[in-house]
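Can you keep this structure in mind? I'll have questions shortly.
The first chain written gets the first letter, and so on, giving A, B, C and D; residue counts start at 1 in each chain.
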Amino acid sequence: MTDGTDQQLPTNWGRWGEDDELGTLNLVTAEVRARGVAEAREGEVVPLGRAVTPAPTARGPFGPDGPRSSAVQQALLYTGTPPMGMAETLVLTPHDPSLTHLDAVAHIPVDGMVYPGRPLAECVDPGGVRHGSTAAFGDGVVTKGVLLDLAPGDRLPPAHGITGTDLDAAAERGGVTVLPGDAVVLRGGWTFAWDAEEPTPGLTLDAVAWLHRHDVALLAGDVGDAFPPLEGEMPMPLHLVGLARLGLPLVDGASVEDLAAVCGRLSRSSFMLVVAPPRIHGATGLPVNPLAVF
Amino acid sequence: MTDGTDQQLPTNWGRWGEDDELGTLNLVTAEVRARGVAEAREGEVVPLGRAVTPAPTARGPFGPDGPRSSAVQQALLYTGTPPMGMAETLVLTPHDPSLTHLDAVAHIPVDGMVYPGRPLAECVDPGGVRHGSTAAFGDGVVTKGVLLDLAPGDRLPPAHGITGTDLDAAAERGGVTVLPGDAVVLRGGWTFAWDAEEPTPGLTLDAVAWLHRHDVALLAGDVGDAFPPLEGEMPMPLHLVGLARLGLPLVDGASVEDLAAVCGRLSRSSFMLVVAPPRIHGATGLPVNPLAVF
Amino acid sequence: MTDGTDQQLPTNWGRWGEDDELGTLNLVTAEVRARGVAEAREGEVVPLGRAVTPAPTARGPFGPDGPRSSAVQQALLYTGTPPMGMAETLVLTPHDPSLTHLDAVAHIPVDGMVYPGRPLAECVDPGGVRHGSTAAFGDGVVTKGVLLDLAPGDRLPPAHGITGTDLDAAAERGGVTVLPGDAVVLRGGWTFAWDAEEPTPGLTLDAVAWLHRHDVALLAGDVGDAFPPLEGEMPMPLHLVGLARLGLPLVDGASVEDLAAVCGRLSRSSFMLVVAPPRIHGATGLPVNPLAVF
Amino acid sequence: MTDGTDQQLPTNWGRWGEDDELGTLNLVTAEVRARGVAEAREGEVVPLGRAVTPAPTARGPFGPDGPRSSAVQQALLYTGTPPMGMAETLVLTPHDPSLTHLDAVAHIPVDGMVYPGRPLAECVDPGGVRHGSTAAFGDGVVTKGVLLDLAPGDRLPPAHGITGTDLDAAAERGGVTVLPGDAVVLRGGWTFAWDAEEPTPGLTLDAVAWLHRHDVALLAGDVGDAFPPLEGEMPMPLHLVGLARLGLPLVDGASVEDLAAVCGRLSRSSFMLVVAPPRIHGATGLPVNPLAVF
């Protein structure tokens, strides 16, 4: 991997102009959204976010009952005696692997550049992100979602390298066709973590190229890039190519077991997917609870 | 206002049991959700969250370019040189009026009790909220939304007390009927703030009783409780009665101008509403970007 | 314990006026300070603060090497590539038992009142502490310090109730006299914690009365109030009486092993003590590294 | 400026070994400390920290009374009703110019290296600072302090470049000799800020060379590096040479008016200086309230 024009790596740099911040969300056209909402019929809703309980910022006598460490910390505020109301200040790091979150394209610069090829120094300064930030998610994402279950009723083997062939097989099993602008939800039967005891499975560059060929608009899953990197494969292709070169927003750390169960019960693997993080601009990622609506 | 059994105040305490945390979200049944998704047809999406740009936690030479004060603060993280990736830690106070957020029922205790009448000390400890927290929002909210525009093309007068009659008139103008389980989005033409130069308009207890009679499941709006309280009226009826006694979740600080424009263009005032804050349990409120889907 | 005028409890409420914020620091007169600086002769310096390593606010790939939980958290800041400089934002809770800190009198209200008897609501509002805060420490504290080693070369038994007799014995062993305005440093051979596996020793009300009789200006130590409270004794007398009624500032969680060693080597138990937390007003406690200067 | 061996820039790289973290604090020997404590006679104490009032983390109805922006933010904690005690979580950025703080040598890498010439990547990782951090301040600093008043009763002209000649003149006026290991406190009559309306005065490289020739151990002052950089001079010589190459710890943003007044009243310009930030390791700077003891 040398620069953004490397012909061997899939890329969308330049496809939607030099100033583009939406990346593959450009593929979610009015027609695509209409196809997405058409998937919502019964009104059954499945959340894809993992539940997180905050740790109190205060340890010791004043904060004994919460977890000692969490992706989110909570300072429950004094508001008078009796309290005028209960409120809190939260401290959170969106990219914590235990917190389901949506990555913005500026999260991963490659070769010193942010999608679609702008120098990092133009895109980010110490005060925040100026290009490629979560501002791109301000309108939310509504499209058709497709579950690709890579290991129905089971989990992928440790350190398994997911290929395009795996994705094709899963689509065929689910009876779904992935169309341009669709969101793909991957199920590998794993819990997203960076410190797992076993080596996790993850996508190969071949699978990322598959996502590119199918013009997938957004990816979510309980598997993503493998930790540690797969032997003999490019490391972190989902982030270094998918996010950084395709401009493909990633929902890291999704919870998909309930989704797989509902898909099984309803005998369908497609749904309306709604992804709407808080409307906070200038960040590189935000916590989110994507909803699959059937 | 003396206690939770006060006959003059509308209440849902006890209606869904002593341990209920969902409040009026109980009204969003499968049938109601199906009615909600039926509103999504064209696939046009309108966000109701206000855009917020974080302030850098660091002031001075290392963080000069952001706002000095914001509802959200961002510490952009050092991750190596060149950076391994861009990431941040965020500090935010969900109930900041400039941040569109969803209130949980534990946000406002009345008479020392949290909805539906449990003593505060059982519901909240220094480590977080144990009953009535944002855990109730883990599945997201999907239902039919109805825009009630109280001042089409204009804004309500300062210090105007919104009544049930006002709500009826707005529904009639919009050609909509509010059914049990629906979400109501109010437009008053104001920007939600606690330090406005003019006295803001707000709901009277009469309007809150209207919401109760219509079994509204969720309320959002650019107006809510008046600051300062309306003369001759109960102060903060939306929070002290709507949230605390009805268990009616409130989206404070919504942005509804774009919604009103789209409703006008499409000549309809109903839509599918999706409200899905991050899946963080144990808090009293969370930032959210509700989406109206047409 | 009923109110601030309870005759059975030692108190300084009213002794230095109704608006006093200094408490027993009033006893550190010019003469007392001169006596303190006279103790500094050789220039040997011993810190009494416990060393704390921050935990990174970010967990996961971007912050793997620090502790997962700490009294202090650090967000190392991005300041450009190459960095303009290294800097951080810190999140800390001063009263964390593992962080040596100085308690302000507003830390512990009793009977709804803050020393010297002002209603809590007058002293504290949601925006911070208005009376009895760390503002009282703005000038630092310089006085004579005296080590009272309660268990030389050993540690106190678990759950031992420290009495005035114990303090007298320690003073006699050390060959020191405690004079009005002196600071007392207690050594019990324990590590200050709230979640120790063994019940910790701690002061009885009798020992607090001793501190009052001797007009001690400041207390530091590796023991303080017992966790859990001592059987048959008033719970937390050091905080509920010493801090709250005497207005005696407390350095919680001091490290005194090095001090005891130096006192042994130099065959003296008195020294100049300098306590100077950051000059941050409006808080109820601040981290500090007190220095004993010989 | 090209690398750490540049012969034109004063440097201490290598002087105390390749692993040194103390920098010029190595000069504070037992003899120097003894000379420092000998300055403390009357017991008069003058703080050099600027008082800072925290801003509440929560804005809006729950935190109306504090400043909107500050170097320190305070989340006053809920601890029960009535409160078990008052406590807070603080969020602070030590290098904020309005917060008197002590810089560690790792704060400013030059040529990709941290004092005394170690590659940045060895010294700092996303989890914190491993070499050259505030751990070096764990024992506190006690030495003789000398006030050099550059503009008695007045202030330096805007954009004035302070030279060695200026420092000599101030020492002569004050009747003091700066000896190896002493701390120098500069008074220029300015308030340390990075966004002042006028261009501030600051040290030239010539003045930094003077500090080096005199083997000054620590520098504090109400002036430091000029903002904007002085015309025709190397920018930021105090940080880029003094801190980074000499390993000279800097107290930025000191308040020295009271000190100048006391020096005038007592007709002496030397004193015992005590600098003891909280004992927090792994940071690049910490808030501190240095005390001058007469």
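In this section, a residue touches a chain if its C-beta (ideal position, glycine included) is under 8 Å from a C-beta of that chain, and two chains touch if they have at least 3 such contacts.
On a predicted model such as this, the values are computed, not experimentally measured, just so you know.
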Quiz item: Looking at where chain A touches chain C, is over half of the residue numbers used by both copies, so same, or under half, so different?
Solution: same
Quiz item: So how far apart, in whole Å, are chain C and chain D when each is placed at the average of its C-alpha atoms?
Solution: 26
Exercise. Go ahead and note the Å separation of the Cα centroids belonging to chain A and chain C.
Key: 47
Quiz item: Using the average of all C-alpha atoms in each chain as its centre, how far is it in Å between chain B and chain C?
Solution: 44
Quiz item: In chain A, which residues are in touch with two or more of the other chains?
Solution: 57-58, 61-64, 76-79, 81-87, 89, 91, 93, 95, 112, 120, 124-126
Quiz item: Chain adjacency by touch: line, ring, star, complete or other shape?
Solution: complete
Self-check item: Contact set on chain D toward chain C in their complex
Solution: 30-37, 40-45, 47, 49-54, 56, 58, 62-66, 72, 74, 76-77, 82-83, 85-95, 99-100, 106-109, 112, 120, 124-129, 135, 138-140, 142, 239, 272, 274, 276-291, 293
Quiz item: chain B touches which residues of chain D in the complex?
Solution: 55, 57-64, 68-69, 71, 73, 77-81, 84, 91, 93, 95-98, 112, 120-121, 124-126, 194-195
Quiz item: So in the complex, which bits of chain C are touching chain B?
Solution: 57-58, 61-63, 75-79, 81-87, 89, 91
